[in-house]
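Order as written gives the chain letters A, B and C; numbering starts at 1 within each chain.
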Amino acid sequence: MQFTAKEVSTLLQGTIEGDPDVVVFKLAKIEEAEQGCLSFLANPKYESFLYTTNASVVIVNGDLEITEPVKPTLIRVENAYSSFSVLLEMYNTIKLNKTGIEQPSFIHPDAKVADDVYIGAFSYIGAGATIGKGSKIYPNVYIGDNAQVGTSCTFFSGVKVYHDCIIGDNTIIHSNAVIGSDGFGFAPQADGSYNKISQIGNVIIEQNVEVGANTCIDRATMGSTIIRKGVKLDNLIQIAHNAEVGANTVIASQTGVSGSSKIGENCIIGGQVGIVGHISLAKGTQVQAKSGINKSIEEEDKKWGGAPATTYHNYMRAQVVIQRLPEMERKLDELQKAIQQLKGLD
Amino acid sequence: MQFTAKEVSTLLQGTIEGDPDVVVFKLAKIEEAEQGCLSFLANPKYESFLYTTNASVVIVNGDLEITEPVKPTLIRVENAYSSFSVLLEMYNTIKLNKTGIEQPSFIHPDAKVADDVYIGAFSYIGAGATIGKGSKIYPNVYIGDNAQVGTSCTFFSGVKVYHDCIIGDNTIIHSNAVIGSDGFGFAPQADGSYNKISQIGNVIIEQNVEVGANTCIDRATMGSTIIRKGVKLDNLIQIAHNAEVGANTVIASQTGVSGSSKIGENCIIGGQVGIVGHISLAKGTQVQAKSGINKSIEEEDKKWGGAPATTYHNYMRAQVVIQRLPEMERKLDELQKAIQQLKGLD
Amino acid sequence: MQFTAKEVSTLLQGTIEGDPDVVVFKLAKIEEAEQGCLSFLANPKYESFLYTTNASVVIVNGDLEITEPVKPTLIRVENAYSSFSVLLEMYNTIKLNKTGIEQPSFIHPDAKVADDVYIGAFSYIGAGATIGKGSKIYPNVYIGDNAQVGTSCTFFSGVKVYHDCIIGDNTIIHSNAVIGSDGFGFAPQADGSYNKISQIGNVIIEQNVEVGANTCIDRATMGSTIIRKGVKLDNLIQIAHNAEVGANTVIASQTGVSGSSKIGENCIIGGQVGIVGHISLAKGTQVQAKSGINKSIEEEDKKWGGAPATTYHNYMRAQVVIQRLPEMERKLDELQKAIQQLKGLD
């Protein structure tokens, strides 16, 4: 793929300053760009790079004031960052435009597969499963019996979706994520052993969700584990059976949500957080990385931290004091001595 | 699958109250059940749902006293929860009753595969490997050379078992779990680099074990990493080389057990716990989620918490005081001033 | 494989004490060894086992003084531990000496695959991908389009390498690790939803790296996420987009490195550590397991602990005091009362 500055500018409805015929064939950060690269400047903090970059073309905000001579061709747009994101997306859409059914693959005669999908080699589509229009199933993916995959989904290599799970449109699932494994439920027996409680529910993932690599979402005991529309899950996350993650909530890597807990909409949960079972987090809750949430949060739009978690304000105050603990202990001992003396003086 | 209330009652050796001919075709929680659903009531806390549920049939305890009119047919049994678990299991047994060898799959001529197994497409059974009677190997599974899989095991799609590992009867392993990857062992060299120490041991998993999705159990340097009978491991757990997990121990998601550590029987370990290497935990030890265990625990049946962990009692006490730390610091400053004044008065 | 003591001794350039014709066919730890086993004694702490072991041959240090009668044949070498490591490596090299291309596998006509490689069944080599001389690709592996794999690499079953990623020579990647999944980048929108920021960079792994099972290394937004030569990553680790891990750094299981952070050379990072984004850790930094690093570390070769982390010294001091917190609080209350009394006396 290669484009002239003019072609890019037309696409972005921008205005050109400099040579419109210069050619670019790669996207790069302004500080790392070489000749032939298309870059962008959005954050004024990086303005100095504009005067030193080797990029051939730089997309800038319409109101940027140039204070030194610049070598690259500039394309002025309303929002340089948004415009560049559009280019990134176009780049990937062209690059990852896979279609067709590679062989060998396994599509059960009773599966319903739309006619414009991509099915990679060694992928398995079970009996009664459906794959919607425009979806891309990379190699080595497993779609269990009666699972439903919506339209325009992308499942990268190694994704495993157990039977009966339902995945909404425009959902992206990264390699080796597991959807619908059994919830962790066992009944203790008198002899100390455990009997498995069969997990007959499923997982429902709504539209526009992204699930990271090696993330696990367990099926419900009965009913459904639910990931609402627009949720973004990072890598190596655990979502236990019967949990629910609210719309547009973002969860960072290595966090675990225990069974039957309900995370509200528009929450932001840091990495390596643990959330115990059977609680709920109000809409807009934010949780500091590494925190442990052990009870329900009812007030909306609050920030929490620590393990067990408290309000972020209290958490930060306690952290500061913990650093001073040895000093506090020393002071306490001195006071004790001082009081002994005072008592003696009496 | 559909059944009449009478058929279910006969199966559970229960007694019917209401229409014996009503038909059910789905299992559901009492609060979510619709017409055609079979549900249960075990916990008296949920009794009110019995009078409002749309379930067609509800299994109840024999001694339940009905205080309002009920619509569904009731089946009285000795223990409603146990009886319902039996139905869940039957449901899954029928539903997941896969058999036969799908093509293409790879079974080495020197592998020994019992004649009633299920081998899914794109699964690989290495040279010298054995698969016992009644085992189900879903698609995209890898069984390395000379690995031994017992009878009636279920390995879901994407499980990887390295060469020489041994898996006992009735063991369930969920998708993308890895059994027998190399232990993390390296010898530091004078130039700051590391030489790999080859890991020539294996993993032994005994019977009736369940291993969660994306969980990793490393092979021993020499000898065996051992998971004893009845152990239940949740998703995304790390068991390092030469560790041993005692019979009927349960470990929740995202916990890590370091090299050569020995967890006793009947322990209950919470999620996101870290256990350092070369220690042992006594039988019946319980560990609070997110704790860090950095030394051996010798007393049996105790509960621990914190990182580094202390007894649960101390942990809880310290947590409470930490919340009051800023207040303690303020008090300390006031006392200091008071003493200054007292000294001045002297 | 079986060898006489004499053959082993010749190989290691050692000297024999005892029967040179005794045969060994297995490697084992001295305390677990049976007849036919070859073992070693390096740590003087275990010397007593030398007089009780059932091993047929034991490799010992040249200067070891024998104080009791020994049954096994001894082979004296300069460094028993190093010599034994050499044997372990030879054992695995012979054992895992796979070659050839198993069927069915998928090698795109535009892929470049060296002629002495091993490609297991159900593995996928994409368009434009290269596999270097002597590399072993186990079954069910995915190598995306234009990915480059160096010489003498081993990728165990289920490894997924996304398009455009570059893997250096002699690198080992364990089962179900994911290289090159999308970085976790989203732009918040006015309605509370998020737009995906396409991730068009790649992952570069240099030579002699080992990556553990189920570990995830995300591709860069632009540019590269970089794992320098000699790095050793344990299982279930998260390396986020645009991060860099310095040469010969070792990271234990379940640790997460957030986006754009740079870990220096020769660092040692414990398990379950979290490192926030956009910071850097100086060369030789050591981090205690379970710590949280939330700011850059500039001083080299220091040890850190806690969450948020402080110097290891401070961390250990604070931990000790935290245990005494309830006692401190009680003292504080007593002092308060004592001062009240003193004030009253005045």
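Here, contacts are C-beta pairs under 8 Å (C-beta built on N, C-alpha and C of every residue); 3 or more make two chains touch, one makes a residue touch a chain.
On a predicted model such as this, the values are computed, not experimentally measured, just so you know.
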Could you work out the angle of the rotation that brings the CA atoms of chain A onto the matching CA atoms of chain B, rounded to the nearest 5 degrees? 120
Do the two copies chain A and chain C share over half of their interface residue numbers, or under half; same or different? different
With centres defined as the mean C-alpha position, give me the chain A-chain C separation in Å. 26
Indicate the residues of chain C shared as contacts by at least two other chains. 104, 122, 140, 158, 176, 214, 236, 254, 272, 322, 325, 328, 332, 335, 339, 342
Residues of chain C touching chain A in their complex? 104, 106, 122, 124, 140, 142, 144, 158, 160, 162-163, 176, 178, 181-182, 184, 186-187, 192-200, 214, 216, 218, 221-223, 236, 238, 240, 254, 256, 258, 272, 274, 276, 292, 307-308, 310, 314, 317-318, 321-322, 324-325, 328, 331-332, 335, 338-339, 342, 345
What residues of chain C sit close enough to touch chain B in their complex? 27-29, 32, 81-82, 85, 88-89, 91-92, 95-96, 102, 104, 120-122, 138-140, 156-158, 172, 174-176, 208, 210, 212-214, 230, 232, 234-236, 247-248, 250, 252-254, 265-266, 271-272, 289-290, 319, 322-323, 325-326, 328-329, 332, 335-336, 339, 342-343, 346
